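Right, I'll just put the structure down here and ask away after.
As written, the chain order gives the labels A, B, C and D, with residue 1 at the start of each chain.
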Amino acid sequence: MSKLLQRAGVSARALQISDRVESFVREKIVPYERDPRLGSHGPSEPLADEMKALARAAGVMTPHILDNGDHLTQRETAAVLIRSGLSILGPLACHTCAPDEGNMYLLGKVASPELKQRFLPRMINGSMRSAFFMTEPAEEGGAGSDPSMMLTTCKMDGNHWVVNGRKTFITGADGAGMGIIMAKSDDGACMFLVDLPNPAIRIERVLDTIDNSMPGGHAVIAIENLRVPADQMLGESGEGFKYAQVRLAPARLSHCMRWLGACVRANEIATDYANRRMAFGKPLIDHEGVGFMLAENLMDLKQAELMIYWCADVLDTGAQGGAESSMAKVAVSEALMRVADRCVQCMGGQGVAGDTMVEQVFREIRAFRIYDGPTEVHKWSLAKKIKRDWKTEHAV
Amino acid sequence: MSKLLQRAGVSARALQISDRVESFVREKIVPYERDPRLGSHGPSEPLADEMKALARAAGVMTPHILDNGDHLTQRETAAVLIRSGLSILGPLACHTCAPDEGNMYLLGKVASPELKQRFLPRMINGSMRSAFFMTEPAEEGGAGSDPSMMLTTCKMDGNHWVVNGRKTFITGADGAGMGIIMAKSDDGACMFLVDLPNPAIRIERVLDTIDNSMPGGHAVIAIENLRVPADQMLGESGEGFKYAQVRLAPARLSHCMRWLGACVRANEIATDYANRRMAFGKPLIDHEGVGFMLAENLMDLKQAELMIYWCADVLDTGAQGGAESSMAKVAVSEALMRVADRCVQCMGGQGVAGDTMVEQVFREIRAFRIYDGPTEVHKWSLAKKIKRDWKTEHAV
Amino acid sequence: MSKLLQRAGVSARALQISDRVESFVREKIVPYERDPRLGSHGPSEPLADEMKALARAAGVMTPHILDNGDHLTQRETAAVLIRSGLSILGPLACHTCAPDEGNMYLLGKVASPELKQRFLPRMINGSMRSAFFMTEPAEEGGAGSDPSMMLTTCKMDGNHWVVNGRKTFITGADGAGMGIIMAKSDDGACMFLVDLPNPAIRIERVLDTIDNSMPGGHAVIAIENLRVPADQMLGESGEGFKYAQVRLAPARLSHCMRWLGACVRANEIATDYANRRMAFGKPLIDHEGVGFMLAENLMDLKQAELMIYWCADVLDTGAQGGAESSMAKVAVSEALMRVADRCVQCMGGQGVAGDTMVEQVFREIRAFRIYDGPTEVHKWSLAKKIKRDWKTEHAV
Amino acid sequence: MSKLLQRAGVSARALQISDRVESFVREKIVPYERDPRLGSHGPSEPLADEMKALARAAGVMTPHILDNGDHLTQRETAAVLIRSGLSILGPLACHTCAPDEGNMYLLGKVASPELKQRFLPRMINGSMRSAFFMTEPAEEGGAGSDPSMMLTTCKMDGNHWVVNGRKTFITGADGAGMGIIMAKSDDGACMFLVDLPNPAIRIERVLDTIDNSMPGGHAVIAIENLRVPADQMLGESGEGFKYAQVRLAPARLSHCMRWLGACVRANEIATDYANRRMAFGKPLIDHEGVGFMLAENLMDLKQAELMIYWCADVLDTGAQGGAESSMAKVAVSEALMRVADRCVQCMGGQGVAGDTMVEQVFREIRAFRIYDGPTEVHKWSLAKKIKRDWKTEHAV
């Protein structure tokens, strides 16, 4: 078990689950990391199915959701999801990956019993992937970091909604069995649950991106006269941004969890390399230039972990945690970028070669600093909050 | 009460004490910050006595030590000492300052009942300052960051020890009523408790340093044939480094606590300025260049606080916490340097002027990155530990 | 002669002058750095006069202005002013300091023959200091980084102008023999040359700032019904901002020059220390943690020097160089902050003590990042320029 | 023509060539950037041949070597190679790429007339690629950053040398027509020129690396009883490291040149995006968070350019420039990493997608910080030089 990851303050049941997940990932999934069937948009479906079968056998499929459908607390989820990330393939195998984890969470919170029944079981048992259709192409001026710019529309037509628009960066759309689609009605933002594939939802292309851990990659999508039965709307018309908020903070935090796990593992690989590789008469780690980088990793990893648990505790009080999850997202992603960069640097040529997971972790974390809101957008919203708080405090 | 500082996870008694301390510091001590009696080596003795009298009246003298002589836990101490630091003068008023706080802790752990009785009461009631004589001048090749280079000697002569050597950076020596002196015997390092002033302990000069919060400043000292009765040795001959270790981690962490408080306050001042001052048609905070800096402060302050509580919890388990306190010291001091620097920058010309506490906090934190072990020494020892741990793990 | 500073590409006459300046500063001025007559607002007047007498004797008074009144080119000036900065006291001794250097430049470019005759000779021979009254107090919403917010007014009354307002951060006002005052008439900004002291120009106080190299410090000033004869207006009414532009870029660049010299010297001191001081069994420089910092200093110093010469060349073409001098100011000040910080850090406790010039250089450079426009204001104006250039390029 | 790139101080002939190169790259090569024939190890051979034919037609094949075989000066080469890098494909098309550029330089300096005649013409006209076999696998403890660890051997056997060993990260070996192989004889390091492919030089695999601009990628190679005629040794036996030094600094600097060009272009793309894309009610560039990044890019690009020309000038004096090229390599690669990172960040999701060159530039620059000596190795050797210089200066 990783000695870097903290056990104090984690419940017994969460420790038990997370130990099982860690053993599973290290023993069963790490060997797949060099599997030639890994393609440039993540593992092929048969390979994914093979790993998922192992996860079910090991009792670690969707391990943060209990048999009765309850979710672990956010603090407990952190302990589990961090361990699932010790291999980049781990979240896929255990189905703790994005966007499924967030989609399951959202359905659990907002969906009607009928919609839950229809979609959730296949998501929880990992037999179906899902996608979340929110962001839109820049060239058309659609919603990117600023969701208010959403251009996709939905209009009632009898007892159906008709959806039209284009989406981009839709993670996992290629190969997904269901999708949550955001569009604007006259009331405001709406969400719909739809079965996939659907002839009205056309995958124009899968983007060629710097990261490649997400099954299905990130797709550009055209939605043309998609007709959705009214009862497949999630919640109420016009409440879409409110539901997005429900999903937002936990999903954002779960990214932090998984990527912390990946960086803990990258740091193990770099540490091992630095202890074995000689240069200028001594092991690399005896060069302060390298040893200091590993020491800095220790601190950054610890700080990332502490921020995750702190934010998890805030969410576990029932707070929405917008500001706290922004703080955690920025602090963790920037810390992990430094960690990944140092792992690469410590390993020299080996660090930029695909022979270990380190090179991919570096690329994934680079994307992470942008996905789910670039650092700058979060700082911007934090600055707004600081101003609001100051005004409240200085109001008459 | 500061909304930035966390209350969750802090015991009721510690919250009660820390609230009392915060109110006291904000209401009674902050007004002294612009007192003309503040000199370049900290407040004059009469001024210090005046503030201490207020602290006694408010029931916040040495607030982390209970009436029965017990210390609060480290976690509880953190809650209290952070608040005492909300003014740079707070730790002096409440006698939670360095090196007294660490000296009291050491005596509580190691001194004989007789030595405790002789020295501790006056320290705890704040009527006597103390000093810790360890570091030695660079030009003679003495002990700086590397304590094994200690040149000061002690030799038995009858029932006395005779001590000779030179010390530098001895904080608070000028004006102290007692001192803990480190010297080397044939057995190894030793510690002695001595009354001050003493004719054999000559203050050559008080250094002119970038910081000026510590009463008495930092002195260069000559010790010439100082005779110490054998029963004023602290513990055993040759065990001095072991005792230094006892003092080390908690004292190091208490620096982090006090300076976090100071930076929380500096951030309040900078935030207030940024909300009031206009430039280019809008308040500074509406400029992302300023608003982002304040957002970054939020994150750095939170991470510093989390590292402090994490390390406190490790110490509260009874562990020596060498590595953890190194990690906390580096992470906190570097984070606070960034915070203090941004506060200065947000305030423009006002940031480098002494009209607010911000300018001094910046200078103090600069020194903090060196005092108690420069960042580089801690990284060096962490790298050694990483290597040791790797070897243990990979041993047959 | 410093081997770090480049000689290639510098004219023979400039090399000759700059060698003379370097020898003078190193041999005659450096010894004054520990003179007890140095006060907290820079050297006393008698001490300054003593050093200036030495400069005259050595033929290095105002060395960048030739006997015929011509200025060296900016490239030549760089070679000279950098060397004058090798001691913090050097620019004062050689009268290459701010704000005098910029004020002389401005008068040389804009003043009428009568005003030149009246003021310049005493400025050039160093017998009179001068001040530039532009910035205004934040608490009143006056002109700081945004000069358009100027509140000080001037109104014609007969053949005099009557000036009213408050100024702050007026460097060298205390003790100056002349001042250039900015105020707003109905036409726009105006500049006036006035003899000092003057009963209508009251020094409210001298600020207590982080830096203390500037003779006279930085003052807060009240101007109350100051009457200035009309012929003491510099140039035309309403053209004040245009003249400020003339002064702007060269004055900004001259700061970079002097502070580069100071950091070259601080780096020499730190390098010497790192080669002599032992720790953990070897000289500090053999620790990569220290050696790398010195290597980074080499690169930052070189980059700062290259930026200065590049910007000087732009100014020497006759261009106003607003963007280039912003780039140079930001790049140089930020690089020198890193250099000064590393020098402090390499020297441990000695780095934060006033025994060497390093501690002061660190404080001065911190202020430099704000004086003459904080980093953020320059980035802001560069971003505006980038946008303008893009628009020009993409215009039909 | 790029307005960012400086023309002052560049000779007329170099400006003429570099303008031709810039026009060629922008007009003819940029369109190839989205060509589907681009594979994961750079362009296919037919695609490369197609681009090279265009370069010959445009008169920009190996443009830094004149018709008479003379090389441009380093300063002139900088002007040309920077422009060739404006597309990642440019250096390949113009045959200014690594390792060919350095190999041609080395042959020009060291090879016998016969060897020059045999190999150079095909290299200069771009019809043959070459490789440089130096670095060796880490797992065997071979030469990485520390060339003294070389394990590959060469032994005389009659009038042939027999070479055995393994090499890794051999750029362009796959598809090369000639190779320069380093091995150790009893005399020391040796270099051999060999025709490729050769049955005794087996490509074990081409590494999967973070970068993919180099044709042929980076290969792992086994050399098994390779027999090289004695007259194909480059220079003398045992002088291999000396020749490596000849190649070293110019080759290192040429990396800086090409990647500066690539980052200038990435910055153009990001600037264009920031001016067009709206978010939160205004173009991205009007958000200081974005505008400041572009301003910082301006400064970093300028500093990189200045370092390159400075180092080129040193080399043009005939100096070996080891320290200067180390300084340039570190300063330029780290500056360009910041630039590339900011370009990605400004573009949000578009920055991590392969639709523009920005995403690839980011990955290439990450590798550049390691290739040709990781940053830390250069700092280490600079620290050694600082120590040597100090010793020289302080010797009796």
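The rule we apply is simple: a contact is a pair of C-beta atoms (placed from the backbone, for glycine too) under 8 Å apart; a residue touches a chain by one contact, two chains touch by 3 or more.
This structure is a prediction, so every number in the text was calculated from the model and none was measured.
Distance from the centre of chain C peaks at A, each centre being the average of the chain's Cα atoms. When the contact pairs of A-D are matched by residue number against B-D, B-C or C-D, over half are shared only with B-C. Where chain A touches chain B, over half of the residue numbers in use are shared by the two copies, so each contributes mostly the same positions. Taking the mean of the C-alpha atoms as each chain's centre, chain A and chain B sit 41 Å apart. With centres defined as mean CA coordinates, chain C is found 37 Å away from chain B. Separating the centre of chain A from that of chain C, both taken as means of CA atoms, is a distance of 51 Å.
Listed for chain B are residues 287-289, 292, 376, 379-380, each touching two or more other chains.
Interface residues of chain C, counted against chain A in their complex, comprise 287-289, 292. Those residues of chain D lying in contact with chain C across their complex are 3, 8, 271-272, 275, 283, 285-286, 288, 290-292, 294-296, 298-299, 302-303, 306-307, 310, 313, 327, 330-331, 376, 378-380, 382-384, 386-387, 389-391, 394. For chain B in complex with chain C, the residues that touch the partner chain are 40, 135, 138, 141, 144-146, 149, 168-169, 207-211, 218, 273, 277-280, 287, 289-290, 344-345, 348-355, 359, 362-363, 366-367, 369-371, 374-376, 379-380.
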